[in-house]
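See the structures that follow.
You will see chain A twice below: alongside chain B first, and alongside chain C after that.
Our next item is the complex of A and B:
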């Protein structure tokens, strides 16, 4: 009797010990994986704040003898200066986000809540354009932009990005609107709401995670895009950040300026990270919308 | 505060007619319950009244005004949905004020109305919560609150209690009834649950396959079902049915069952049933019309072997075979035998029903 009683707490302590070990192991593995992914980012940021000479001489070390903004100042000397390239990138990315959302939301709404002849065919056609490789239509795109007198224009670039962003975005928005129960729309109709009020006050707020996802993908893709920007922009003042990075790394005086390159990478990377982290909650919900229930 | 008229209302989906001509006149403040098996067209009828479904034929009028072409928002009706359909991103107060905002009502009046409705439904403390933070019963109340704030001409309910557990369902049932007494409003309530229909309705409308089988007060449907379908649908457990022949035997009118058993029809019913002599009929008798004690006029004693006994407390259900069918009787618990034993059962033939074997119409 006493023996049996005594053995119980010991057993429990053993179990608790097992739990702790397992948790510690989990933290360790998760920490290692996180470190693996964070390292390049940390390394870039660390190098960007070293004095230029040190960044070049000892790029591996994370700590430096002095904190310096020299690399960022040197970046100012690249072409039109990094701030103007960053401004171009911001204009292009925000323009792409705005236009993509503006088209994808009503399109997704239409595909989700209305029935019209040829609907399925149209939807499949839109989706099928996702399978066209970008490189294969560079020439026609160039000709079209030229014809529209939009070559070497940020707006022209925005139009191209939006075109490539739309199929996925329309698909996302259709799913987001599909996830809004029909009864809610009917309740709103009975409450006397107009089509426009229903979209604005009922559908959009509920489909907001989808909109956030669409906006984030539009931002990231247009922000990081390189090839189209390189081909369609010829004026140095109109370059975006990815093109600036190439110009930095291909060297101003023949040698690669590692410090400036890391500074450029940091500048390019930070908005993406901030955006991703701030929209993360919506983004996960947006991608899984319609998957459950 | 309105009369609701349905005139030969039809709904067809392609070639399929879901509602095949419904005629109904609902009086001001009347509480009408549509009941019937799943798929019989109850919801479709309700949704046509609401304006959520296009009306394929016939006419619906609210207060004498034909509403066929009016949008749902223009019909001055309120609807409570089965899954409540509360706006998930709005607070309870916002849910309730949404329709008033659409009417551009002054803010102060909206708030007063929402507060009054919330008090009526005892949800005053929940006004700032989101629907996701409410229990099923609370959501149900909010859905009703959203309907009553606008003070509509007609309330529509589509199986509003079917998502609640049994106990809450009974509670909300009385609550809806109380609400109707408090705020008398013309009400159409759809359910597949005949107990809900019987307990709540001023008038029950039994639907079957897109048509009204019978409409009347609950007691009338129970005592005088117009068809075998209504007789089987109303009442729980269901009425027992046996194939039989009506025959004149000497001076008596008798029912001959499939196994040759003869039941005497009471004199009070002769005038009514005599014209159908020699016709195949369906004999119907409710479990409640059978008893373990005899002695009543018109009662027929039967010796039966009990297969199954279900004590419910107030009454005991016994099941037995008769003329090739399994019958159920509700008897006094003190007369209940053990399963497998036999007993004498007294059928109150004054409460018998006869239906035409082919059409199912009551004779």
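Our next item is the complex of A and C:
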């Protein structure tokens, strides 16, 4: 320990020049790798704003001589139009976020701060649902939604998404409520705060980052989900953005409108990227917490 | 990062059970949990039981449902297409997991530095993870297309090839580009999992080894790798289970082709249930896949449990 600390400054002085070279080398290598991850996204966005002829002749260039929204206009002519598909996606994603938070926050609170018989068993049951992939119960879900008359309905899709968001969300919320110091609750109770006040004034503010994580995962997962939307939505006015993309990419009479596809990809992925970049902290938190379970 | 937070919670959890005095009444807690239990019962447990029930029936979408005993399973055992799909899914899982680990581990080592720039690059590498598989698949369809795709243009531009490659027309190139796409989309995720492992290794340990004269390779093999064991195993579990369930990229990019060689397990369930509308047979396939998956994750989880506590 002391040896390591003592030796560090000496090493630094000797390799002062080496440090700079190593830093430059790191930036160079990391930068080249970054191109691989970044360029497909950049190319797609850049091409969505090019006129068709230019995109066909030179897909690689990033700046277009003629900025054009024609691809977005043509995409509006596909099926019900991209704006209504985007609206469907927004409804499904926000619906999933709202319902997931509404159901998972009380559940996390119940599991964290109460004791009742069978509690551990119930928690294990909820967590066990994470082991079983939803892909393997799609066939009966299809029938259940049909019986409930929720097939081909955005609300039915939201219910499915919420169910498969719940185990992770309840786990996150239980941990969030576990982090509230019990001394704080005791103090509030002695001061005469009611159960409801404790939840609202003490618990929720501390658990709020957990709620943000839960909401963000619910949004991204429902916005991006493809298979269930493909199976449960049959009316073309109800499609979500990923389904629209696949319809555009399968082409009409074998001809694919690549420009319209670029526009569709852009409107589908940009909200996710913006959300991630602005709330990155909460996303990575959920990722590592969920992963360490 | 969160691993340490997780550990600090544990003692409290143990203590919590002891002093239940002053706790709110238990039944109220049950009421808080009830809505979530309703969701899980109605849209998870009942469908799960129905999968088993349906797999013993001939169950067309319209028309009469007939009890079939084990007929669906007997058919499944003889079904060459289903075994091919399972075999293909296993092949894909092994290759894509290996490829992701081979990319993500160097990435994690590269950006595991206390530099602002390292955080910036981490964010960039992670960005494709938040894009859906649907958008990513269509994006790569465009990148790969021989007429106006970027790859064809680039390769022609540097004079590597004369005519545009058509990777989707034969099996191995098609599988290769799918794996490339999935590595692009998910390597950042595995990188973050591995980073949590790397960051839990105390600096003193590597520093001490350095002073003892261990070279970079020896330090990596003798210290870093063994101490990362858990996060490597976790990354493997997550990659294997998600690859076994792959659907979007095969449905969208290869459309199962060429000549049905890239139909994954979930894809074949989709075809049986929602293209031929043989729901009973689809349920039998689903149950078979479920058994395989639960088996894989329990084997992997057993490996993870068997570990030194701070391994």
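Simple rule for what comes next: the second predicted complex is superposed on the first by the 262 of 293 C-alpha atoms of A that agree within 3 Å, B and C clash if a C-alpha of one lies under 4 Å from a C-alpha of the other, contacts with A are read in each partner's own complex, and residues count from 1 in each chain.
In this text, a contact is a pair of C-beta atoms (placed from the backbone, for glycine too) under 8 Å apart; a residue touches a chain by one contact, two chains touch by 3 or more.
As the structure is a computational prediction, the values presented were derived from the model and not from experiment.
A.B. asks: Identify the partner contact of A:150: answer first if only chain B is touched, second if only chain C is, both if each is, neither if none is.
C.D. replies: A:150: touches no partner chain.
A.B. asks: Where does A:91 make contact in the superposed view: on chain B (first), on chain C (second), on both, or on neither?
C.D. replies: Neither partner.
A.B. asks: After superposition on the shared chain, which partner residues are touched by A:186: those of chain B (first), chain C (second), both, or neither?
C.D. replies: both
A.B. asks: Given the superposition on chain A, which partner contacts more residues in chain A: chain B or chain C?
C.D. replies: Partner touching more chain A residues in the overlay: C.
A.B. asks: Mind working out whether A:127 is in touch with chain B, chain C, both or neither, as first, second, both or neither?
C.D. replies: In the superposition, A:127 contacts neither chain B nor chain C.
A.B. asks: A:227 in the overlay: touching chain B, chain C, both, or neither? Say first, second, both or neither.
C.D. replies: second
A.B. asks: In the superposed arrangement, does A:206 touch chain B (first), chain C (second), both or neither?
C.D. replies: In the superposed model, A:206 contacts chain B only, not chain C.
A.B. asks: Give one of first, second, both or neither to describe whether A:80 is in contact with chain B, with chain C, with both, or with none.
C.D. replies: neither
A.B. asks: Once the shared chain is lined up, is A:197 touching chain B (first), chain C (second), both, or neither of them?
C.D. replies: Once the two structures are laid over each other on A, A:197 reaches chain B alone.
A.B. asks: Taking the superposition as given, does A:114 touch the first partner, chain B, the second, chain C, both, or neither?
C.D. replies: second
A.B. asks: Can you give me the overlap between the chain B contact set and the chain C contact set on chain A?
C.D. replies: Common to the two interfaces on chain A: residues 186, 189.
A.B. asks: Note which residues of chain A are touching chain C in the complex, please.
C.D. replies: Listed in rising order, the residues of chain A that touch chain C are 1, 3-4, 7, 23, 26-27, 29-31, 33-34, 36-38, 40-41, 43-44, 47, 55-56, 58-60, 102-104, 106-107, 109-111, 113-117, 119, 122, 125-126, 129, 131-133, 135-144, 159-160, 162-164, 166, 170, 175, 178-179, 182, 186, 189, 195, 220, 223-227, 230-231, 241-243, 245-246, 248-249, 256, 258, 261-262, 264-265, 268-269, 272-273, 275-277, 280, 283-285, 287-289, 291-292.
A.B. asks: Can you tell me which positions in chain A touch chain B when the two form their complex?
C.D. replies: Going through chain A, the ones touching chain B are 181, 183-184, 186-193, 197, 201-202, 205-206.
A.B. asks: Residues of chain C touching chain A in their complex?
C.D. replies: Residues 1-3, 5-6, 9, 12-13, 16-17, 20, 22-33, 35-37, 39-40, 42-44, 46-48, 50-51, 54, 107, 110-111, 113, 115, 117-118, 121, 123-128, 130-136, 138-143, 145, 147-150, 153-154, 157, 184, 187-189, 192-193, 196, 204, 207-208, 211, 234, 238, 241, 245, 247-248, 251-252, 266, 269-270, 273-274, 279, 282-283, 286-287, 289-290, 293-294, 297 of chain C touch chain A in their complex.
A.B. asks: Within their complex, state which residues of chain B touch chain A.
C.D. replies: Touching chain A from chain B are residues 50-52, 71-74, 77-79, 81-83, 85-89, 98-99, 102-103, 146, 150.
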